[in-house]
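One chain, subunit A, links the two complexes that follow: it is found with subunit B in the first and with subunit C in the second.
For the complex of A and B:
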């Protein structure tokens, strides 16, 4: 059995760690690219949202590398994601890529279910080993997030353009290569040093922007045209409403880790604008907008894939948050036709607007 | 007291029930006018671009009621059956609508049967108590409204279209001569608010009839048959309407007396993009005549007519071939 899974940003690092720990043969698909997307567009339903098409492309590419089993998260609606796996499986079968499918379904809402499914993949490994493996994967997710947060801080301040990106990818490789908990602790230390070593220039960044929205397009840089990197290079300090470890905790570990920033807080802040969950992260999107406004951010960018229903609800409601809290909100909708050049122009205009607002405000306050 | 009900979305399923309920409690029920270009234009103006066509139209119907009624009935339809949702947008609809200016008061209540059926009665009570303190009166209104709904569903299952069933319930069936038997049966599968709204569907059902086809929809199939057919999926669908559409499509695709299936999707509809794919794959595997129509605000009438005609020609040709002609 050679196992593969869809890409979502750096998710491959913790997943691979977990599976390798259990000595499962893993095929990590090549990073999502134009080719991946083209494969998905060619074989996927025209009106499916982009994540489905990229997943499909990932699987086809992994298949070419010898993968024969897919593991994937499931869902119980109301958002489409919960039915992705089944549709993708049917499509793959039709185009002659018959692969075994293992879906980790959340309605079972119980960590033991995950372990049972994991045992299906790992066969003879003991419970203890499975639990250790899950823990190991999760620690990697945390380490990756730490590096990413540092990168958000450093990028707008870097003295030499591109230095952060280089350090960040070096740090990721270190974490990715760590084969045991001991090695991981080592790698974390080294990675910290590398990130801290990026030379910074004086003068604080001009504006702070929070990025919120649909989880996949937030976490997968290919799907958002490396939005956060663009912002950073334009001198913006970025924060993101959700990080990998939080997603892993919510969707794969069913909230096992308790003291994380939880989506509950974000949902609570969504009222009175959106008083009910709407599937996906729609309510979190609205709530995070409120929280970021309160935290003094200069602007907010909502990102989602074309036709994502929970985010459309959020988008309809965000203008209310924007005017009540007097904070500009930009919505970016990603699909296979979105071009990087157009995006760059829109970002520059938005940042200009934020900078000017900030100047006027500071002038008034002085 | 005047209660307004928008002639959109779940109106096509629940109007008879809602109406009976409010009337029994002594309210006057006012329905928004049938969809027109104006309704849609209003909706387009006030909803974000990305929202689907039926929700835009719903905005238009709500606006049509403003100024005409004291209340608009706008329940949050989270779930109408165990372990199924309608669509994420229904969950957020009241919050999207509330942002409109100058609305009358809204009667909002969460209808959520995701966990258990009993929760419906809590919701009903809440609405009823806006009109009367008499619990018994509310209960009676509720019971009668359920009876009306059952009657309506039976009429649909006999093969009537929603508008025809309503006419029977309201006792105003015109004395029209019966039509000639039509030469073939075509199944039209789509969300009720897309296929039964004559404006949005560009009178799809009527047109098919004019072209010689008898039309069958998901609402004509008994619940049990729908369910057993939908159970053929590898995983249960968690959308009530999608589940119904799949069940009906699979059922009709198996039936020898159905000559073709038309799937109607709204542009940008999430569930449609998934169920449409499943239905189309199934139809293709069976080599059954299948047409996929996607409706949006730019869809031209001429284009639809041409495609329907071409589709029916193909169906006729296949039938002739099968008959060895």
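For the complex of A and C:
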């Protein structure tokens, strides 16, 4: 059995770590690229959202590398993501890529459900080993997110363009290569030093923007045209409403890890705008907008794939949040037709506006 | 005479203006881009140089529009700014006190909200390319009427028909349907204007507070039918400024004035750029599966700019300083 899984940003690092820990043979597909998208667009239904097309491309590329089993997340509720695993499986079968499919549905009652599914993949490993593997993977997720947060901070202040990107990829490789808990602790220390070593310029005014929206387009840089990097290079400090470790903690570990930002808070903040679940992360998007506005951010960018229903609901609510909390909100919709020049124009204009607002506000406060 | 040069290179049109130091538009040139931004800019510069009196001194140059980065490298621009900022700056100069700007160009539609002379909010069409300008152009051609007459004919309408305007494809099929039912041309054209305005207000202007004075600009503002449809839908008077079609270029020139005031020196290469030999080429980078299309711009054989690579491998090779001069 050679297992593969779809890409979603840096998800491959913790997932690979977990599976390797259990001595499962893993095939990590090549990073999502134009080729991946082309494969997905060719074989996927036109009206499916971009995540499905990219997943499909990932699987086909992994198949070329010898993978025969897919691990894929499932879902429930109004968002159609829930049946993507099945659709993708059927499409793969149609084009002659017969692969075994294991769907990890979010456990409904408790964590043991997840462990049972894990056992399917891991075969004869003991429960203890499975739990240890999950723990190890989770620690990697935390480490990766930490590096990413640092990168968000450093990029707008870097003295030499591109220095942050280089340091970040170096740090990620270190974390990725750590094979045990001891090695991971060491790698984290080294990675911290590398990130801290990026030369910064001081005193430059920095606009703070929060990026919110649908999880896949938020986490997968290929799907959002490396939005966060663009923003960073334009002198913006970014924060993101969902990090991998938070999502795993919320949805797979039932909040086992304490002191971590939780989607429950975001949902609570969505009231009175949106008081119930609308599928996907619609409610979290609205709530995060409120939270970021309260935290004093200068602006908010909502990102989602074309045709994403929960985010369309959120988008129609966001202007109200924006005017109530006096914060500009920009929406970017991604699909394979999105052109980069248009994206650039919208970002530049948005940042111009925020910088101008910040300047006048600070002048008034002085 | 001294002044500032503004260039707006859009998908459909390329506009150049020359502003004197007092901010008065001395010359304005409107050209069709025809998919060749470099040749068009050079043509525009040549024409502008001929029209301006001899001995004119360009104290700064600004560029905007979707071709701004390319043109900025070409002419040596002091300000490279997006259309939103440029349009807002120009509108403020020509229509003091403006609070809402409706802008429909060849490809993009935008709404800009200003309060107390500062941009406080903006929106641009999101998913749909919304080529309202191009669409009107194409429909005029299909109906065999001059685009300049489009608005006038629409004004003759007695009872505009309702056209489904969610998207250009639907609008066209609905227009053909109404045409086959025997509706008059003026009624159909007026109906189309209303449909486009409805679509604009629903998709671009949604949730925004539209307060007077309202300015309508961009190439589509030439169409009096559209202006009237806006007035009807908003129940507000709508002003079309005299330089409505070159507002981006006016804004770019004003931004250049600001930029030069800060740096004290212009990077403008001079009108001789019009005779320089520019060559663009592209190649597919094979460094990774992204297979980015990297575009190279060369002036007299020297590579002056590169872009298109996601990772920065090629564009970073030419450092920032060299990129501009």
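Going forward, the second predicted complex is superposed on the first by the 353 of 366 C-alpha atoms of A that agree within 3 Å, B and C clash if a C-alpha of one lies under 4 Å from a C-alpha of the other, contacts with A are read in each partner's own complex, and residues count from 1 in each chain.
As a working rule, a residue touches a chain if its C-beta (ideal position, glycine included) is under 8 Å from a C-beta of that chain, and two chains touch if they have at least 3 such contacts.
Small disclaimer: the values here were computed from a predicted structure and weren't measured.
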Contacts of A:358 with subunit B and subunit C, given as first, second, both or neither: neither
A:117 touches, of subunit B and subunit C: first, second, both or neither? neither
Partner chain in contact with A:34 - subunit B first, subunit C second, else both or neither: second
Touching partner for A:333 - first (subunit B), second (subunit C), both, neither: both
Partner chain in contact with A:83 - subunit B first, subunit C second, else both or neither: first
First, second, both or neither for A:226, with subunit B first and subunit C second: second
Greater residue coverage of subunit A in the superposed arrangement, subunit B or subunit C: B
Touched partner set for A:200, first subunit B, second subunit C, both or neither: neither
Overlap of the subunit B and subunit C footprints on subunit A, listed as residue numbers: 306, 316, 319-320, 333
List of subunit A residues in touch with subunit B within their complex: 45-49, 74, 76-80, 82-83, 85-87, 89-90, 94, 103, 273-280, 282, 306-310, 312-317, 319-320, 333
Subunit A partner contacts - residues on subunit C that touch it in the complex: 66, 81-85, 108, 118-122, 124, 126-127, 206-208, 288-292, 310, 312, 316, 320
Partner subunit A, residues of subunit B touching it in the complex: 47-48, 50-51, 76, 78, 83-89, 91-92, 95-96, 99, 110, 233-235, 237-239, 265, 267-274, 276-278, 281, 294
Subunit A - residues contacting subunit C, complex: 30-31, 33-36, 161-162, 165, 226, 306, 316, 319-320, 323, 328, 331-333, 335, 341-342, 344-346, 348-350, 352-353, 356-357, 360
